Amino acid sequence: MSGNTFGRLFCVTSFGESHGPAIGGVVDGCPPGLALDARDIQADLDRRRPGASRHVSPRRESDAVEILSGVFEGKTTGAPIGFLIRNQDQRSGDYAGLADVFRPGHADYAYTRKYGFRDHRGGGRASARETAVRVAAGAIARKWLRERFGVTIFGWIAQIGPIRIPFSDEGAIAENPFFVPDARAVARIETYIDELREAGDSAGARLCVIARGVPAGWGNPVYDRLDACIAYAMMGVNAVKGVEIGAGFSCAGQKGSEHGDEMTPEGFLSNHAGGTLGGISTGQEIRVSLAVKPTPSIRLPRRSVDSTGRPVVVETRGRHDPCVGIRAVPVAEAMLALTLIDHALRHRAQCADVCCSSPGIS
Amino acid sequence: MSGNTFGRLFCVTSFGESHGPAIGGVVDGCPPGLALDARDIQADLDRRRPGASRHVSPRRESDAVEILSGVFEGKTTGAPIGFLIRNQDQRSGDYAGLADVFRPGHADYAYTRKYGFRDHRGGGRASARETAVRVAAGAIARKWLRERFGVTIFGWIAQIGPIRIPFSDEGAIAENPFFVPDARAVARIETYIDELREAGDSAGARLCVIARGVPAGWGNPVYDRLDACIAYAMMGVNAVKGVEIGAGFSCAGQKGSEHGDEMTPEGFLSNHAGGTLGGISTGQEIRVSLAVKPTPSIRLPRRSVDSTGRPVVVETRGRHDPCVGIRAVPVAEAMLALTLIDHALRHRAQCADVCCSSPGIS
Amino acid sequence: MSGNTFGRLFCVTSFGESHGPAIGGVVDGCPPGLALDARDIQADLDRRRPGASRHVSPRRESDAVEILSGVFEGKTTGAPIGFLIRNQDQRSGDYAGLADVFRPGHADYAYTRKYGFRDHRGGGRASARETAVRVAAGAIARKWLRERFGVTIFGWIAQIGPIRIPFSDEGAIAENPFFVPDARAVARIETYIDELREAGDSAGARLCVIARGVPAGWGNPVYDRLDACIAYAMMGVNAVKGVEIGAGFSCAGQKGSEHGDEMTPEGFLSNHAGGTLGGISTGQEIRVSLAVKPTPSIRLPRRSVDSTGRPVVVETRGRHDPCVGIRAVPVAEAMLALTLIDHALRHRAQCADVCCSSPGIS
Amino acid sequence: MSGNTFGRLFCVTSFGESHGPAIGGVVDGCPPGLALDARDIQADLDRRRPGASRHVSPRRESDAVEILSGVFEGKTTGAPIGFLIRNQDQRSGDYAGLADVFRPGHADYAYTRKYGFRDHRGGGRASARETAVRVAAGAIARKWLRERFGVTIFGWIAQIGPIRIPFSDEGAIAENPFFVPDARAVARIETYIDELREAGDSAGARLCVIARGVPAGWGNPVYDRLDACIAYAMMGVNAVKGVEIGAGFSCAGQKGSEHGDEMTPEGFLSNHAGGTLGGISTGQEIRVSLAVKPTPSIRLPRRSVDSTGRPVVVETRGRHDPCVGIRAVPVAEAMLALTLIDHALRHRAQCADVCCSSPGIS
């Protein structure tokens, strides 16, 4: 396997390049009987798509999804769900000058060394456009998690470049184009992004994603720990360079008496664990944080080499997000949903025989 | 799969509990013809085993490995390599009082909710003792990577609780029981650990691991990115709460013009990427950092509940590391080795037909 | 995984129903650099498609394949190859009466018991129409096997109902609509099929498939034996009820002195093994034989029950092959190709380090 | 993966050679809470072990199994079950002359071509001794299937060389060393086996295995069909050359009106399907038949080549079964149990949400 399938029981197989005719995927293993309609998927795709505000890539894509199989009379049948999103607004000419040049910070060089050559148009398979497939599949996972277990998942931006955004208002997230939980930060971010775009530069970001309502018992003790699978899912998103669960890196400076979440009959007294202990969910909120690097495709001149090894200066045109972290929010939500549904199915496969005798406390 | 197998082509299957008769594993998919002897494995096991200094768990285990199959006349045959490490110094009586109680910060509660009951002796499957299996398997991976590609892997402790250790002397790492790259920090750490032990508390840590000599081209573009698989491997180690590749979380505050590593005919000018771009190795050093939480089993009294949901106060006895992060260093090295060999084999499976036409620059 | 992905390294994921908008698939893990064009796939699809002669289903499908990804400037890139075949000539009305009735010998009953309900139009996912996806993916595998190793694969019909066809002329296979290796048998088969169609009945068949030029060394000793994987591939084709390798069932009556293929410096003296020993290819022809049951959808009245358990009499209309075994020939070839390429890649992943010191004899 | 793991959710990983210190395995994914004791496994191992009668290999092995993990206070915990069977009666000296020679019909040649060299003692990994691991793991699967679903599995010998044994008395199977369902055939078989042994030759066999009580709904429609997975499991047993489900090869000569099993409110009227339609169980008996080739290691002189390609004559000594098919009966039962439990878990993973609205008829 070359890694284009995600999940063991609820499996997404992804295909498509940024500048080919279409991207799409196949969801295999979806439980039968889930009410599903293209509109259920479209809503999440619309949150991710480019062209939605002036702060993201101006490429105009409707990202309209077509379901090709696996749904009959409005319900999933248990058969694989094939879906397709046609590409509409490619401008491959933008990339003509990049065929023989390696953009710094981009996949160009590594791809060429791996495959001997590459589809250079729009980054080909390395393009963040592929994340639409994840969002589409994630929407299906999310719907099942919500309807079957009451799980809700949402993410937000906690930092863009130098600007740290406090979590002051959960309701604000859906009301601004930056997915920030503080309406007062919006103007400052807009100014910052405008400056970046004018300067031809880009910025990194930090995201948070949480899942509420996950029952205790999902996950595994050793390699396929729930947290390990979340880390795999998140670090597998383009441009992500760091993943934390719960207290994350701050736990390095904590003592055991501070980090370990005490329990009472009323529930846990804190959540440094981020909802998972020993690789298994505890019933608390699953809390994940990730770092997204700045978009590598920038207009500022950068030193590089061409495919013959000679020095060149690269100035990337094309249409790019000044901060690719922003549109990563719905992608991270989708990856969390895909990870959780897979473990939900794995858990009931192995453990449906036992009833959990201990009273839940959270 | 309940997650006790790691890898797709070079696969480790692990079994065994802390207080059962033995732990062990099976390595399937090892290339034939590798010279291998139990001593090759023992050296790495000895770096991880408890009882080696007063700063780690005093449990006395020789951790002597027995190879049961897959090696003939000193060479791997291509058949699965079964190996066994007998447990010697269990003191299950230490855990008698914990059968019906959930230790805060420990897997106890989550296990019980998942499986309906649990083997409470020494943490059972949740014990860090399982990591000996990883180290044993990792030693095989490491030997092949070194002999076949010249890859070297090593890790160190960068922080223990409040003490941050500068990377001042690579040679010092092997010379102290804390795996720190600065001999001058040792005395201070010793004092700190002694204080922790006396207080009945524990501390977190930050580790780094790097791999040198990894060729460009290992990894995959989408879900099974090299960095995603590393994140999965590392977050799958007991007590790890965060993973970074290259610049990690600091990239959130970087600009694209700062983060993107420029290239010249002589090589890359920096390594914020940590050796991987677009999910594929670039030939630079693979750089990983991880956060390990404080040992949850501490002597200080902690509030919790018992299996009937009633409030209790827990004071864990047993023999535990005041800082479990220290012995995680050889484990993290092993996990990196296991991830790399798997991708080395996957890469040649798919791409052996093409020769990489571009000149390597790093 | 719900089983819609075939292969471990060269993976085909299939989707689509007989009467949905399209069927299609994703090939992941294809080696980069293979020259590939939709016409390479179309040729094999045309051998399988319905409507090609009066002896198969009269459904009119052009089965035109569209490649959506993974190919750039005429070569595979190493990225997943998505492809689509639109359905054109559905007549779902034919199936209106079957929504609540279980056809004897058909998947209807089992599907309903598994999924709670089913897409009854044209058999939904159970339709042999899905095999077009296998043929398309198999065409890619086949091309690589031929170009890289000189492997050739072909199948033929050895028996249709009571008519056994001798292997008298390999060249004849491509010259008749029944894939039989004896032109003299054609008229007799035509008469037989015409009689079946008029009677509203159907017939079983026996097929053979062989692969020439497979190098020694592909396969594995234990569970994933080459022959086991072939058996899985073939029994996974709709309507197949038996699979043999080499001497097959006749070996039950053989003695060891008769069955074991002797070797001389010039090669093997016989091929009862069918090209595989100990689960690994020997360099001889891979020889496979399979039994295909008669099409269950027949016009003759059959006793059955409806979804409420009441007795009914079923007479299936719709357009069906009188002998579904005939069009299974290109499907079986495709499945053999898919199995072989997967093992070719797996072999070089594990064993590329060793050179085979023994002189090949076949 | 080099194929030493069987199953997707209930996974057996096998290791060990005929003449190494031990063979063993790891069962991962076993449902927690199953009462389990080494004696549950030993009973099945005793039916397979050599030395039990004069008609099988005289090698003396107690085949005593040691459970190393995954069981606590008499119940499975959900953790991997490691188990070990020490080899006792190796006589590697018997194989000294075979190090550089390829036995006709044996894995020797293929192994050497794959791995560059081989462990020649007793066939190494190719030895049927590995099947003890399958029987041990299968015993666990079988116990769960019986206790949870009332499934019973049993096999018998239907043919040894020229002797076909009618299924006249199910109760007789356990009463004779040949697992034949007809006490009257025993004397004739004894005479035949004695003649074979004296002649230094061996014989093939045909086996049947059935599972009763399998609920409708296990399996999948496309690649991972229940019948395909059974075929994979059975053809993956040493020396098996053919597998049939239900009517098997006889279906090639049947008409649709004869093969398709009619249904009435009281149940199916026949079982040509062998208990599976469209890849999914129907609730009828699962019926499997397999062909086992004659033991390749015989005393009669056979032409072959040595590792330098020169002609030799091989006469195999060592201790071998005159008819390896006999001891394959418990192995085939185990493989069927392993296949069924895997699909039982897979089914409930995907389909636990839906209740099967149709009344079962069988």
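In order of appearance the chains are A, B, C and D, and numbering begins at 1 in each one.
Throughout what follows, contacts are C-beta pairs under 8 Å (C-beta built on N, C-alpha and C of every residue); 3 or more make two chains touch, one makes a residue touch a chain.
Just so it is clear, the structure is predicted and the values come from calculations on it, not from any experiment.
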Maximum centroid distance from chain B, chain identifier (CA atoms): C
Winner on C-beta contact pairs when A-C is weighed against C-D: C-D
Same-site or different-site touching of chain A by its copy chain D, using the half cut: same
Cα-centroid distance, chain A relative to chain D, in whole angstrom: 45
Gap in Å, rounded to a whole number, between the CA centres of chain C and chain A: 38
Whole-Å gap separating chain C and chain D, where each centre is the average of the chain's CA atoms: 26
Per-residue overlap in chain D, given as positions that touch at least 2 other chains: 1-5, 8-9, 14, 29, 32-33, 78-79, 114-117, 125, 221, 346, 350-351, 354
Contact set on chain C toward chain D in their complex: 1-6, 8, 14, 102-117, 125-126, 130, 159, 161-162, 196, 201-206, 216-225, 227-236, 238, 240-265, 269, 272-274, 276-283, 291-298, 300, 302-305, 307-311, 325, 346-347, 350-351, 354-361
Chain B - residues contacting chain D, complex: 1-5, 8-9, 11, 13-17, 20-26, 28-29, 32-33, 66, 68-70, 72, 75, 77-82, 84, 114-119, 124-125
Partner chain A, residues of chain D touching it in the complex: 8-9, 29-34, 78-79, 148, 221, 345-346, 348-354
